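So, here come the structures, one by one.
Two complexes come next, and they have one chain in common, chain A, joined by chain B in the first and chain C in the second.
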Partner chain A sequence: MDKKAAPPVLIFWIIAGWVGYCLLPWYMLEDGFLSFDWLVDGYPFEEDYAPALFLIGQGEKLWLAPLLAALTLPLFALRRAKSDPLYAGLLILSGALGFGWLIAQGFGIGIRGFNFNWLETMFGDLGDRQFGMGYGGMITASAFLFLLTQGIAARGAINGDVFVVSAIGGVIAIVTAFVFFPIAKMLFAAFVTDDGAYSLSVFAAKFFDDRLWGLGCLAGARCGAAWNSLFLAILVGLITTVLGLCFALVVTRSGFRYKRAIRALTVLPIITPPFVIGLALILLFGLSGTVTVFVSDLFGTQPTRWLYGMPGVLIAQTLAFTPIAFLVLIGVVEGVSPSMEEAAQTLRANRWQTFRTVSLPLMRPGLANAFLLGFIESMADFGNPLVLGGNFDVLSTEIFFAIVGAQYDQGRAAVLAMVLLFFTLSAFYAQRAWLGKKSYTTVSGKGDAGVHPLMPNGLAIPVMGVALGWALFTAVVYAMIIYGSVVELWGVNNSLTFKHYVTAFSVRFEAEGIRWTGAAWDSFWTTITIAAIAAPLTAAVGLVTAYLLTRQSFAGKNAFEFGTMLSFAIPGTVIGVSYILAFNVPPIEITGTGVILVISFIFRNMPVGVRAGIASMSQLDKSLDESSLTLGANSWQTFRRVILPLLRPAILAALVYSFVRAMTAISAVIFLVSAEYDMATSYIIGRVENNDYGLAIAYSTTLIFVMLTAVGLLQFLVGRVQIGRRTSFGAGRSS
Partner chain B sequence: MKKVTTTLAGSLLALSASMTAAQADKLTFYCSAQEDWCQLMARSFEEATGIDVNMTRKSSGETFAQIRAESSNPKGDVWWGGTGDPHLQAAEEGLTMEYVSPMRDQLHDWAISQAESAGNRTIGIYSGALGYGYNTDLLAANNLPEPACWKDLLKPEYKGHVQMANPNSSGTAYTTLASMVQIFGEDEGFDFMKGLHANVNQYTKSGSAPIKAAGRGENTIGIVFMHDAVKQAVSGFPVKVVAPCEGTGYEIGSMSIIDGARNEEEAKKFYDWALSTDAQNLALQVNAFQVPSNKGAETSESAPDMSTIKLIDYDFKKYGSSDERKRLLQKWDEDVSVLPQ
Partner chain C sequence: MSDTVISSKAAPVRFEGVSKVFGKDVIAVDNIDLHVQAGRLVTLLGPSGCGKTTTLRMIAGLEMASSGRILIGDRDVTKLPATDRDVSMVFQSYALFPHMSVLENVMYGLTFSGFAKEEARNRALTGLELVGLKGFDTRLPSELSGGQQQRVAVARALVLEPQVLLFDEPLSNLDAKLRRQVREDIRAIQQDLGLTVVYVTHDQEEALAVSDEIVVMRNAAIAQIGTPRALYDAPNDRFVADFIGEANLIACEIVSVAGELATIEIENYQHTLPARGLPPGPATLAVRPSRILTGGATGVEATVDKATYVGVRMEYTLTGAFGQVFAVEDNVDTPFEIGTTLRMSFAEKGPVLLPNAP
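Moving on, here comes the complex of A and B:
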């Protein structure tokens, strides 16, 4: 350990810090991260592109000068041995000083000079301002962070393992920056008055609003959005759980022949853009829908608008989320060890008794899990209430309209978001606190050759009926989607046409090459690009986190895990609002760029990567790591050479899953898209608003097939059996 | 590895050089009209001037929200389209910039008076009158009489057949509310809104949604701007447009330059261009049936003839101000929206 040469990691980060400070443009470039105009446009002296060192040299932005001291400190550590307490001390001092100062100046000085009045009273008017951090700022910040973690490691934390400490530090930093910080910022927005002061009474007025908690529906008027959301979510949770259980029972405990077809259902919610089901329901059951017209002709009844409101949203969400409950429950139902059931039968219980007293109780935790997932999904759902909600206001759409409507009330949006967050976090917490501790596995490593008994007949018939009926309904709805995309003008002119596909996806072959003339290409390529960039990053962050959680122990691990899984319980609309509030101003100023979309996807989908990683990593015996470590590899080498290759299926699953999720997300995206970066889903919503159902559905159908291809490719690459499990995990944790 | 890095750096340099060579002026364009119109405007302006246009389409409320959110660090340059109220409100809050275009003398008086009432921070680009449309098939199927006046909509037989947007979220619906207050006086106007509430089947979020639902056969009568109803009729839906007999309010679609715009010169170029006959004639290509503000621009035969519609003297200054708006909306929230239906 007392090598004379400094560790290469240390040298790397010291150099990175200096490069960020002296060579790269410190502030954000107006043209975006991928523009390189600055190289030829007055760099390095032009103020907009200048590195920090040049700025100070020209006597500007002098508050960046103290960073120089922090950058110099680690140079003295270079020639010291790692065991020297001064080595650790220097690095910690440098990292903490530099990182702390960066944050302090970033928040203290904004676009209008000092951000806080007390700073202004203390130092007087600054007379200068700064924009968000750019390449230079970001890289220097990372350098300070990793110098700090190296210092901490050198003091002996986690056996002095630099890789592990740095990974923990990195994950904490990004989760804080992109999950906790925006949420905190949003919570503060709930207390802001019209003129920018903070006040509790503003919050109270918005919180105790009748539109939120009113119980008018008991007396014939309308109820508040909070009650509506809660009531709907409970119903959706219950119904999807029951339906999911029926499906799971049919697949595992019946003689039904086409089980594979039923299993295929599970892939549907992952690949379906969020509001397509709502559209198909309108085409079927709306006032002029096919079924409505047929029924009213048949019975001579007056068609009604029953679909718009609670019933419609309930049906659409049940259609959308039943497969998720199915995914969760199939694992649980399969996991109930047949030997337990066989034991019951040997003890002379009949099939009904066995099911009621043995199988069902063992499934109970799974049922609770499925219910809570349905609950959270329903709470967070944005697309279906948007299309079918009618006068039935729910929190997720109310948040959207509080921000975008003519009322423009960020405070109200923040209050609504807090209520929604409270509901979903409670459910999330309940799920973890109450199910996390119970062991409901009955699968042990020992051979378990039994076969599940069939359901008792009295149960089998209704269960089969319900499951098949619902499966048929789902199939009809999806058939409707495809049909809707090739109809000229729904309800008016039912002749078949490919016109919508042509409008959306036409191409022209010209001398210069292919011209993408269709209206949808722009958003389509943006979506693919953003999703393709986000996917590997999501997988990487997720797997590193999973590695830390399964393979390392450190203080605060539980809090760490909770923090990384938290974003699962945060509804997309809440993320959208909080990102706008947090990232439109320095120090991290990324609204209107593609970066904010990528980041929002990473943190929305990260829990899935973590879960997939944990699941497969716990299958790898720890002795593999240990043997690698005893053979002299460090933990980074072990992670890269031993664990990563064994995790290939998990990596692929996380990749495809986050890719597909990024393509279908709408709730957060709708707040974050911009002129340059319009996403497919927000484009489709625009078409729906414009009564252009044909194009909207054609585009959605195309997306469904694109994603089906992606999922199919994955199955091909990794093999069927494992996929089933991975995707099942993925969808179960999604939101 | 080293070789890779050098090649990479070299190609980056080459790339950036080529990008600079092709570097053109640019404009970030916030558009609050319908999607195809926005795209056509953006493309045509690019062709006319060679300036790169970056267009975002959002409703006028959304755009206003965005401009306000970005006010400390504006990202947009020019905001074109959408009902005038949010433009006036933006002017009132100083979010938009004063500009007097040389094209002014070619415009109708209503467009100029819109500009003058806002201290030249906005200008009229088109206008449209409020009214309603109904689905003729559904009306016949339900044996309902043909409505012709605002007061007709209060009749009990239309219960569950009328749709309008929520004035809290839609500029169109707020114009409706303000028009009723101006046509009937405040007390009677609110009585009208209460009576209407009993017949309304849904308050939609977006202004033109009611007539689109009527077109699709999901609703019978939709209170909207007439040009939106005309559009549905022209698209082939069985929709008939009504100009109510009591007279009606109207909107002035507006345009503003955002204060602190990063590309101010280009924004001004766009502004002048958008007021020209060439630019305003583009509306017809996308079935936008508003009345253009340039006197020389063509109007569509399908467009409602403004001369036959009884227009009230709409007080944009008063009803466009935030205070009056807040007061009316709060009154509507408290007195109308809570009533049982």
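Moving on, here comes the complex of A and C:
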């Protein structure tokens, strides 16, 4: 197998590099690349559309010229054997030089010439400027990156496996660019003074702000947003954990008949846009809410605005996040080995003693886990506080108002985001470092015979009462959503109408085709399109990462894992703010485009894909990969022909969940939407702010049903795939 | 059906001072030298954790040697990944791809070796015929029995005409009856095609039955290399003697050495046997159970502790001042009663002298 010809991957990336440099427009295009206006508008000589080669040919943007040298280097590697040290050396040199230079010039030179004063003092005024990188720049940058990884592979890293080294390099590059870089940029923004210098005192002034840390509420005034958020998150964490535990106990340890209905609860948070619960609560308990009106009629009291503030947000978040706690705890409660409990019973403990001394202590790490999840979710939640918060300031909404409100204070937004990030990361870290080692629920392959004992009666009755009561409340809330969407004007004119649906989703059939005349169609199609583009990319990035984490070992793997899972703990508002700060200026200038939405979804939802991938990949025996390798397939072919086909259910799940999550997301999105790319959720929030509840609720209901269909379709498809799998796996893995 | 012929490109394998260290200080294989001749079936045998599977995986390229050189044929493959080595492996779990039919499984490797589709297909069918699975090509692996799956795995590896074919405990998932048959099939194919095979097992009987040569491993190192007969008849040390077949180890005293022959003494009973280079002094005598003679006029005094009738022979446990030994006797018609005191001596051929524990 001593092939003389250069590997096709190498040829591909060399060509890609040259194409990016010589043929594609180097800079970002105003009208977008895909409109292809640029092709007929003076290309390739017009400065705005010109490829890099034509630019320097005309004596402009000469700082792009050194890239030419870096692009030429790998040509000398073409004739050499892979084992030749020069082959690796040339590629590493070319890749590192090209990639490094691209980054350096990108950050060094911006829209106002040199970005740093010391550069200007050294070289004098540049007299030129550059905008964000376009497709040309991006493809050339990728080419340099993958030339570098091929060089590193040829040096013998990871057994010289080009695919694995490139995958690691690629994931590190994009996670750095779209998670770490924006966060770092945001952290710096917290120290920037009005005239652009860095100063600690600016940070201190914004950090030790009374609006952030004030403790006035102890004396009857208002508290700072940080305390509010913390207090709310702790309460939500506690309450959702208790409720989730009740539900889990009812499902696993009671004679309750309609367990399936309760299990169906778990699908709710997946399909519900986060602020919808808040809307439904307004319909019930708002000033003109059903319950409010009923109570005030009954007792003759004046309706109050008690809902707007802490109580409303607390109820809404509890409703929204209890199913998540339930989902976590059901695994924990089922994971307690029945034989432990049976052993306790044979040792003469009664059911109550068994529960108190064995079952509950074994569940403890799971309970802590559920609490931390509820805590993180509450901290990060943006929709409900926005709709119901009133004067109750929390960090996530304060960040938003700092950026979009009259104050427009990037530094304050950055400081608030840092505080929020500190809270969620601490919880995330606690969850991993402390709970990671403490899980008692080890599910071994051995069948654990036995059944869970029922709860003792003294416990069963209150638990059932709480769980069923809350389930009923949840049902009422969701019924309200549907009902509210067909009411003319809530509390004023309660006649039934489809008016809101018509306003939102009317269509006209005309000679030239369908005209989408409804007000919501624009944002609806944008949402579907963006979510549909983001979903496969999310799944791909997630699965490749999962493959690297489960199947490969390399130096720094733990840090790699932590980095990729980190975006789970970064609240959407923080992502939103940091993206605005980072991608508003070259070298990556994508605010206001659809691309930034797609990218934010990929990195917000990546942990979903990674987890799905890890879960199913660890089920596949490693000897399958190994036998494929010994049969002459390389690791890319193994990944494509053995692992991917066996992962079909995981891929499907990752696809659908990232699609659905992209449709329900609001916190990051609301910072990133533009007039051209408005998303459903931010459109709905806009309606709410205009008190147009009817339309907002009708639109939300539609979204819920769209996503219910998607999830249902997934369950149907995955169910079938799994049956197919079982028949074809059976004997292959038993024995 | 097709005139495709599967032949072999058998090549020798050579290890030169190869070590494998996992993590910082877990030594799985410690500086071993090994030469597997082309066309031979060599077994790596040893208790679990002795490094035999790691050695095999280093030949495959699934583990990379930490130091030393590995050559296949005259090519240095030390740094080559599995994909680029001309080696195939049959896994303990077979590792058939569950989503591909039997034929697709067997064709899998061929499609990466530059065969045209039609030729790959013919080769795969020939391979299946060779392992006696003609007509099973459209089945899924799950529709085959364990033994059939095993043979698909062998066919899949064979059709690539690898320089070396590796087996990782291929019989451990089969029931006892099938084991003997599959073992014989593997040996027959290996001899017909003249393949170089490296075979890992922890079952000494299996190793004795299939091998041209056995490499006994212990604690990450090679304890002894030899033909099955040499290992059985002339083990180097107590470990090998005990691991290959059963051996009774009895302390003895070499009283004199004359040329090649040594005279030993156990409780005043003297026996003469090859000295194997040992000087006079304390040593260990290794005797197979079948080489212990009972009921003679001379010998070491022993008492029958247990007597078990197993059909074809009698099995005795004898105790005495030397300790305890296990002996078998073909005479089933007039067995010794438990408690009988008798004289125990040793057959002329068979017993070997071992140095006392290093």
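In the analysis below, the second predicted complex is superposed on the first by the 712 of 735 C-alpha atoms of A that agree within 3 Å, B and C clash if a C-alpha of one lies under 4 Å from a C-alpha of the other, contacts with A are read in each partner's own complex, and residues count from 1 in each chain.
We take it that a contact is a pair of C-beta atoms (placed from the backbone, for glycine too) under 8 Å apart; a residue touches a chain by one contact, two chains touch by 3 or more.
From a predicted model like this one, the values you see are computed outputs, not experimental measurements.
Q: So in the superposed three-chain picture, is A:E626 touching just chain B, just chain C, both, or none of them (first/second/both/neither)?
A: second
Q: Who does A:S635 touch here: chain B (first), chain C (second), both, or neither?
A: second
Q: Once the shared chain is lined up, is A:D297 touching chain B (first), chain C (second), both, or neither of them?
A: neither
Q: Decide which partner touches more residues of chain A, taking chain B and chain C as the two options.
A: B
Q: Does the superposition put A:L646 against chain B (first), chain C (second), both, or neither?
A: Once the two structures are laid over each other on A, A:L646 reaches chain C alone.
Q: Identify the partner contact of A:N690: answer first if only chain B is touched, second if only chain C is, both if each is, neither if none is.
A: First partner only.
Q: Does the superposition put A:D128 against chain B (first), chain C (second), both, or neither?
A: Neither partner.
Q: State whether A:E120 touches chain B only (first), chain C only (second), both chains, or neither.
A: neither
Q: Can A:E46 be said to touch chain B (first), chain C (second), both, or neither?
A: Neither partner.
Q: Quick check for you: in the superposed arrangement, does A:N159 touch first (chain B), second (chain C), both or neither?
A: A:N159: touches chain C, not chain B.
Q: Can you check the complex and tell me which residues of chain A touch chain C?
A: 1, 156, 159-161, 621, 623-624, 626-635, 637, 641-642, 645-646, 725, 727-733, 735
Q: Which part of chain B faces chain A closely enough to touch in the complex?
A: 12-13, 15-17, 19-20, 23, 28-29, 34-35, 39, 54-59, 61-62, 64-65, 68-70, 72-73, 75, 85-86, 138, 142, 160, 166-171, 174, 201-203, 205-206, 209, 212, 215-219, 232, 235-238, 262, 329, 333, 337-341
Q: Which residues of chain A touch chain B in the complex?
A: 30, 35-37, 39-41, 110-112, 131, 210-211, 214, 216, 219-222, 282, 286-288, 302, 304-305, 308, 390-391, 397, 401, 403-408, 410, 489-493, 519, 580, 584-585, 589, 591-592, 673-676, 678, 686-687, 689-691, 693
Q: Across the complex, what residues on chain C touch chain A?
A: On the chain C side, the touching residues are 60-62, 64, 79-89, 91-99, 108-109, 112-113, 140-146, 149, 153, 156-157, 160, 166, 173.
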